[in-house]
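Here chain A shows up in two complexes: once beside chain B, once beside chain C.
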Partner chain A sequence: MKHTGNIGKPKRYGMVIDLDKCTGCGTCMVACMAENNVPFKKDESNKLDSITWLRVYRLTNGKPYPDNEVCYLPRPCQHCAGKHEGHSPCVSVCPATATDYDQETGIVSQIYTRCFGCRYCMAACPYHARYFNWWDPVWPKGMEKALNPNVSARMRGIVEKCSFCFHRYQKAMEKAHMEGRRELEEDEYQTACTQACPAGAITFGDLNNPEHKVHQIAQPDPAKGGRPRNPKVFRLLEELETNPKVYYLSSREWVQEACHKPHLLDQKTAHH
Partner chain B sequence: MDSALIPKGVKRCPIWQFALGLGIAGAVLLWGVYAMFLCWFKGLNQTNMNDYYGFALWIWADLAVIALGGGAFFTGLLKYVFGKDELKNIINYAVLIGFICYSSALLILAIDVGQPLRSWFIFWHANVHSMLTEVAFCLSCYFCVLTIEYIPLILENRQLDKVPFVHNLSHSMHEYMAVFAATGAFLSFFHQGSLGGVAGVLFGRPFAYREHLFIWPWTFFLFTWSAAAYGPCFTLLVTRITEKIARKQLVKDATIQLLAKIAGWMMFTYIIAKIIDTIYWATTTAPSLGFSLKEFYSNNPVYGFSILFIEIVVCGVLPAVMLVIPKVRSNRLLLTLATVLAVIGVSLNRWVMVLQVMAVPVMSFDTWVMYYPSWQEVATTILPVAYGVILIMISYRYLPIFPQEAELNPLEPETPVAAEMDSQEATEADADPELTPAEA
Partner chain C sequence: MKIDRRSFLALSVGGTVGTALTPLPWKIQDDLAIWTQMWPWTPDPLDGENTFTHTVSTLCRGGCGVTVRKVGDRVVKIEGREDYPTNQGGVCNLCASGMQMLYGPTRIPHPIKRVGDRGAGQWARISWEEALSMVAEQLGEIRQAGQPETVACLSSRKYGSVAELLKRFLTAYGSPNFMVTPSMMDAYDMTLKRMHGVDGRMGFDLENADYVLSFGSGLIEGWGNTAYMIHTNSVWKERKATVKQIEPRLSNTAAKSDQWIPVTPGTEAILALGIAYVIIKESLYDYDFVNNFSTGFEEFRSAVLSGYSPGNVAKQTGVDQSTIVTLAREFARARRPMALCGRGQGTVPGGLGESVAVHALNALVGNINRPGGVWAMPRPAVDGWAAPALDASAQAGLAKPRLDGAGSAAFPFAEQLFNRVPEALATGSPYPLKALFVYEANPLFSTPGAAKVREAFDQIPFIVSFASHMDETAMAADLILPNHAHLERWEDVPDTSGFHQPMIGLVQPVVEPIRDTMHTGDALLRLAAALGGTMAASMPWENYKACLQEGLASRWSQLEADGFWIDNRYRPDTWSLAFPTPSGKFDFGVAGSDLKALFAPAQPEGDDGSYNLKLIPYDSVRIPNGPVGSPPFLVKIVSDTVLKGNDLFVEVNPETAKAAGFVEGDHAVLKTPLGSATVRVHLSDGLMPGLVAIPRGLGHTAFDGYLAEKGINANDLIGSVEDAASGLDAAWGILASLVKA
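Up next, the complex of A and B:
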């Protein structure tokens, strides 16, 4: 098969999630599960062993009524780049190279047929974005016909996680190549959660492309490992230098404080 | 019944007693094997692990047995490379214990991975940046070395030794044992260290992460050091337990004292390094990652500061001091107590570096998650213990593991019938005067 990789400028696909817009409805989670054939159990009450590539956390400011505030935080895989592009917490530890950092797109992939289920990547991920298939998937009768044919179903004993709907990227690139193009339009490759969010809280695109909304909102600074220049934008646990490609936006200070400690990163930058 | 297989000059328990012991250990072993097959055929849903505890009891057991099995490489290093010849009297047992520990570790790993049939991918698709890759390579190689070190001991069985080829093979292997001991020490340095590195490189987990020296986090050196320090303690402890069960002294005090003294000084220096590491981590590394020490040890029902105190002071400083003081370590009871504390200490260290790493929440809105193992996990963790007991029982009964045993426990004058039987056997053995038992 002819290689259809991107020969143009390297991309850095990422997203900005507006936490002030998110209502916590969970549509993104449902869309993600349906799009990616995410298996589920009969009883999903134990969230410690159920698979949710995109999980919505509920944050509170801890204050009593009437000052109590709630914020919903959708957490997909953060597609970390690490201190140097490709040194993600999980990619660097996988002993069998079953998880990979794509230098063309910045997407962290999981090779299901190579993973042998040691779960070291899960131990390495501070976001709990990686999930283990404790069971073989069992689909309710007839549902197997509704599975997405572009995404392989996973078997018991391996790890899986959000892929930024990488199959959609592959499909869009194939179409572009057929049309003699090497670059994608912004709307040609969008993740399922982005499209499903009724509040329009998720923006997805190429962080390297100044024409993409995601770049304009986050204003990533390439000289500082992609740190956002927009003061309302931040990344989860940025101080760990995981260098994630999922940015969050909130004007609420307590939300920002719950998610990262920017002064520590400033100290490190000054030190370096 | 099996007297022809028992080494000359030593006494063993009656066969029925031996069979009964084997039966009890075998029953426990079968229980573990049943749980093992449940995990293999039904999957890891048989465990209480979850997406927060990807590493749990098994990985702890792995790390712990590998640390405790460190007595083999370190005793071998001392005897063959540093010329501590006195240790020849305990090296066989150290090798046997190491063999049991490492084979157990490999078995546990085979149960622990989600797709055991793909285990070879770790070699085939090796990611050279992963600590686990280094562990897999060095562990497998070192297990081969331990097997090579154990084989001559098996060949020294009274009946096998009568076969000229086997006898000569055993002798030849002994001649090259220094090479294997040095190789074993080299491999052990790396895999023990890499096991420490497994946690130390996790820069997303501030509880585990440590600063690096070249490409290795500090835990790399601490794990190797602790295995060299605590491994011999486990060898001493198991020797003591064996002596208690056999109701006789098997190794002379001089050997025990020498190994205890070396282990004591290794522990003493290790615990100083560990204290420095802990202080630096608590005051510099963790705060730079947004955590105060208190956050690691509060808001949960299990992991308090007492864990740190028990590991470093009660099971670290205390046994180290006990072993470096000659008066204390020459007291058998205190020596045993020190080795027990040391074994608990290193096991606790490995527990903390696996289980507590998983338990500590990293995101501020996340919570501590506690874990308790399922019976299948417990059974498969006890399985290697039963297997170890069986292998020790068989090896002790039929192989000359303890070279000083006959000298320390001279046989009483025999009855005329027994003497006659023995003289017949002696005639058989003396048929070829060149065939004398090999020496370790």
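Up next, the complex of A and C:
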């Protein structure tokens, strides 16, 4: 057998985003919107109601000219495991079981048809990764042709968020099963943002699989709720013990520090 | 009725049991669940066979290889092509939004002619036959009258078979006026010609450079090939190369660089010469190159040593003496240093002096035609065609001077100077224009001093646009012959972004044309046939594809098989063979020009003392600033500190804002000698005090509600400044004032 990695055991899909490489170009956001049929309105400048499963934040060190520094931080859903697998902040509060933690992949799902829009999950999510559809989506005439059939379009009154392109996982698994396999190669399942990033700043794979790059970079410590052993790698708001599956890498100390501040991603103060 | 404890309990228990037993609540909940899941008003995209097709995206200047995912006959996704030599799997945000450009409602669905006033948006549908015969008739009349030179063409592309075909059409017709929208490559081409003696283009072996000194180039913001440059930036991080960014604003490039060096806008060339001073004074230059392979070094040396001491330069540029000395030493001691220019995305060429000063640094350290250096590259050529046939009237027309003065005694090295056209048309000198073709260019929006261009266009009686989308220039046209969208056509895209290997990408149709459009190449062939005589003889092909195939000659088979052609064994000539100047050496003296005058910074208009600030434009990678307007996805990712509603924010240093009494978000009137506009103030610690920074690419008046009227167009406030040495636009910005609205 070729693999010595994570065979037959549950996967924990996650990513490491290299903030040293990220240039803030926003291609990941576009790729995500195109892949996932994310709607757009004529005015998207009110970022409180602008749906972006993946949002690139602009962090600064707050120092005056000329010592000012800027770092971009792409924020998808963090797919938190919580203190025990499945204890994600959003999953715990959803009264409709519209969001769930998949024990096979570690992916936090969002089932649009179950969601009735109470938005408890949005209140619970410390990363502001969830978005509410205040309006029905409208595509300009002709543009609905570009919709992806693998992701259903949403409607007003429900919450949506990043799914780590779960439909791509399903497609890859289908293909593997057709070929008599039960395991995926690392490159068979990649998210749209990972694929599109011209900087190669996003690495995606199974955190439980020592053969996967994402494991090798983050070096998660299962005994400590997945905390990274790589000193340059960190997670957002680690203190909350949400055990997210999105790791960040930065060589700049102020960036690492900023990512522990509770108001980091506050919609009113952060620039996008 | 009295409710005691017993009856209350009985009631609640009874109620609970009753509710649990009756099917009603469950039925209601079930119905509700089903009802809420019926969303007939949200689209349900049809599934179908998935196919993946390679092509090249022409939306941005880069020309990236992309893989297009189709479901049935629908394009649903555009991704970077993994095995493409430049972008290597990455893609830029604009090309990733290409589906919206294909299917969007701003597409021009069929040929139309203007029926109301110009720009009023009143059009009538006409057939292709009618449209083409209208053009042929007009052109026939002008040629009959013996004025073929009064027909001009503006294209956003300089190379490739469509650009060559447009040029060939004009040549056979008898007009020297093929023009290309300006870019930094104009300044680079001229520098190459004057310093190397090479009629070619610059290539940059970027990945192998280990120390990059960028004079304001938006290296990761659309300079060159966007996706490739972002990839290169990651390579630099992995290889621990050093990037130093010199510019007045903390751009993304500055933010990701190892050091941001703020500089007074417009003094970049002076700083380059200050660095040259230290390199020369401390004898840090490459003796072999300078002594054995260059000429004019003495003139250059005395020009530099007489006026650009670090003390002097520090005063003018705002950069510390010690920083200048450090930069010079680091640059000269690096193994593979590279100095680059072209501000932002390089849409404004900048003066020749700036390009020469920066390139002189590369020459001083001998990093020319070497790995990790700047390379002279051959021009991409469509060489499979026979020379066009010229009749007497064509020859007479071609003997006339160009409208923009390029190639004249004043600007002998210039190939095109579109920035000089408004002036020429305003004065009618050397002659007025009777007709203009516009191919994939939007000069009424994207030319600095756009108002003057609009006035100039009013002087042209017949404007034909080949636009696929209703942009500002198409709005002002008399006739639109819409081209196929980028995913519907054949085309060759030679790399012109500065890649260091000669390369051509092949655009292949991914879908059948969804509108009644025609490939511009085919339209030109039909026009030539209608005009007859030598015109028809010069363009004998049956259709554009046949003409493309013949033009690419031996490269066609590889292009067809792989989707791109690359000469990856290309190495530039060694120093002894590389410089076909009269001396056979690299020319620091720039063909005997007055170096002092060459290096003088551009003076913006309106220096009457009423402006206390300087306005500089900036390019954002999220805002396309070329011929293509932002599709909805790109407008969506514009920051709320740039655009809020339709309000545009300008950046101001908090200190400057405080002195003028502004706080974050204040409305203000931004005034320049060209005009004024109401903007809002965004405080930024990433900008030199005394400046106002405005993004380019917003403020469209054309397109639809997803883009039109959002923000203001920087080109309405900032004009062009003609560089005396080259005729190129050397503007770095303009003087301005900002007062409370």
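Note that the second predicted complex is superposed on the first by the 253 of 272 C-alpha atoms of A that agree within 3 Å, B and C clash if a C-alpha of one lies under 4 Å from a C-alpha of the other, contacts with A are read in each partner's own complex, and residues count from 1 in each chain.
Keep in mind that, in the parts below, a contact is a pair of C-beta atoms (placed from the backbone, for glycine too) under 8 Å apart; a residue touches a chain by one contact, two chains touch by 3 or more.
All values derive from a computational prediction rather than experimental measurement.
Trainee: With the two structures overlaid on chain A, would chain B and chain C clash, or do they fit side by side?
Mentor: clash
Trainee: Could you say whether A:Leu264 touches chain B, chain C, both of them, or neither, answering first, second, both or neither?
Mentor: Once the two structures are laid over each other on A, A:Leu264 reaches chain B alone.
Trainee: Output check: A:Thr27 vs chain B and chain C. Expected answer is one of first, second, both, neither. What do you get?
Mentor: second
Trainee: In the superposed arrangement, does A:Val246 touch chain B (first), chain C (second), both or neither?
Mentor: neither
Trainee: Regarding the shared-chain residue A:Asp136, is it in contact with chain B (first), chain C (second), both, or neither?
Mentor: Touch partners of A:Asp136: chain B and chain C.
Trainee: Does the superposition put A:Val93 against chain B (first), chain C (second), both, or neither?
Mentor: Only chain B; A:Val93 stays clear of chain C.
Trainee: Considering only the touch criterion stated at the top, classify A:Tyr127 as touching first (chain B), second (chain C), both, or neither.
Mentor: It touches chain B, and chain C stays clear.
Trainee: Touch check for A:Leu59: first (chain B), second (chain C), both, or neither?
Mentor: Touch status of A:Leu59: first partner only.
Trainee: Once the two complexes are aligned on chain A, which partner has more residues of chain A within touching range, chain B or chain C?
Mentor: Answer, by number of touched residues of chain A: C.
Trainee: Considering only the touch criterion stated at the top, classify A:Val233 as touching first (chain B), second (chain C), both, or neither.
Mentor: Touch status of A:Val233: no partner.
Trainee: Could you look at A:Phe116 and tell me whether it touches chain B, chain C, both or neither (first, second, both, neither)?
Mentor: Both: A:Phe116 reaches chain B and chain C.
Trainee: Quick one: which of 7-15, 61-69, 169-177 or 349-357 on chain B sits on top of chain C after the fit?
Mentor: 169-177
Trainee: Across the two complexes, what residues of chain A are contacted by chain B and by chain C?
Mentor: Shared contact residues on chain A: 46, 114, 116, 136, 155, 157.
Trainee: Help me check something: in the complex, which residues belonging to chain A touch chain B?
Mentor: Per the stated touch rule, the residues are 46, 48-49, 57, 59, 73, 89, 92-98, 114-120, 122-128, 130-136, 155-159, 236-237, 239-242, 258-259, 261, 264, 267-268.
Trainee: Provide the residue numbers of chain B that touch chain A in the complex, in ascending order.
Mentor: Interface residues on the chain B side: 43-45, 49-52, 54-55, 112-116, 118-119, 121-122, 124-127, 129-133, 136, 198, 201-206, 288-290, 357-358, 362-366, 369.
Trainee: Any idea which chain C residues touch chain A in the complex?
Mentor: Going through chain C, the ones touching chain A are 33, 36-37, 39, 41-48, 71, 74-80, 87, 89-93, 96-97, 99-100, 102-105, 107, 220-221, 226-228, 230-231, 233-234, 237, 250, 252, 255-256, 260, 262, 621-622, 632-641, 643-645, 653-655, 684-689, 704-706.
Trainee: Across the complex, what residues on chain A touch chain C?
Mentor: Residue positions touching the partner: 20-21, 23-27, 29-31, 33-35, 37, 40, 42-47, 50, 52, 56, 58, 60, 62-66, 68-72, 113-114, 116, 136-137, 139-149, 152-155, 157, 192, 195-201, 271-272.
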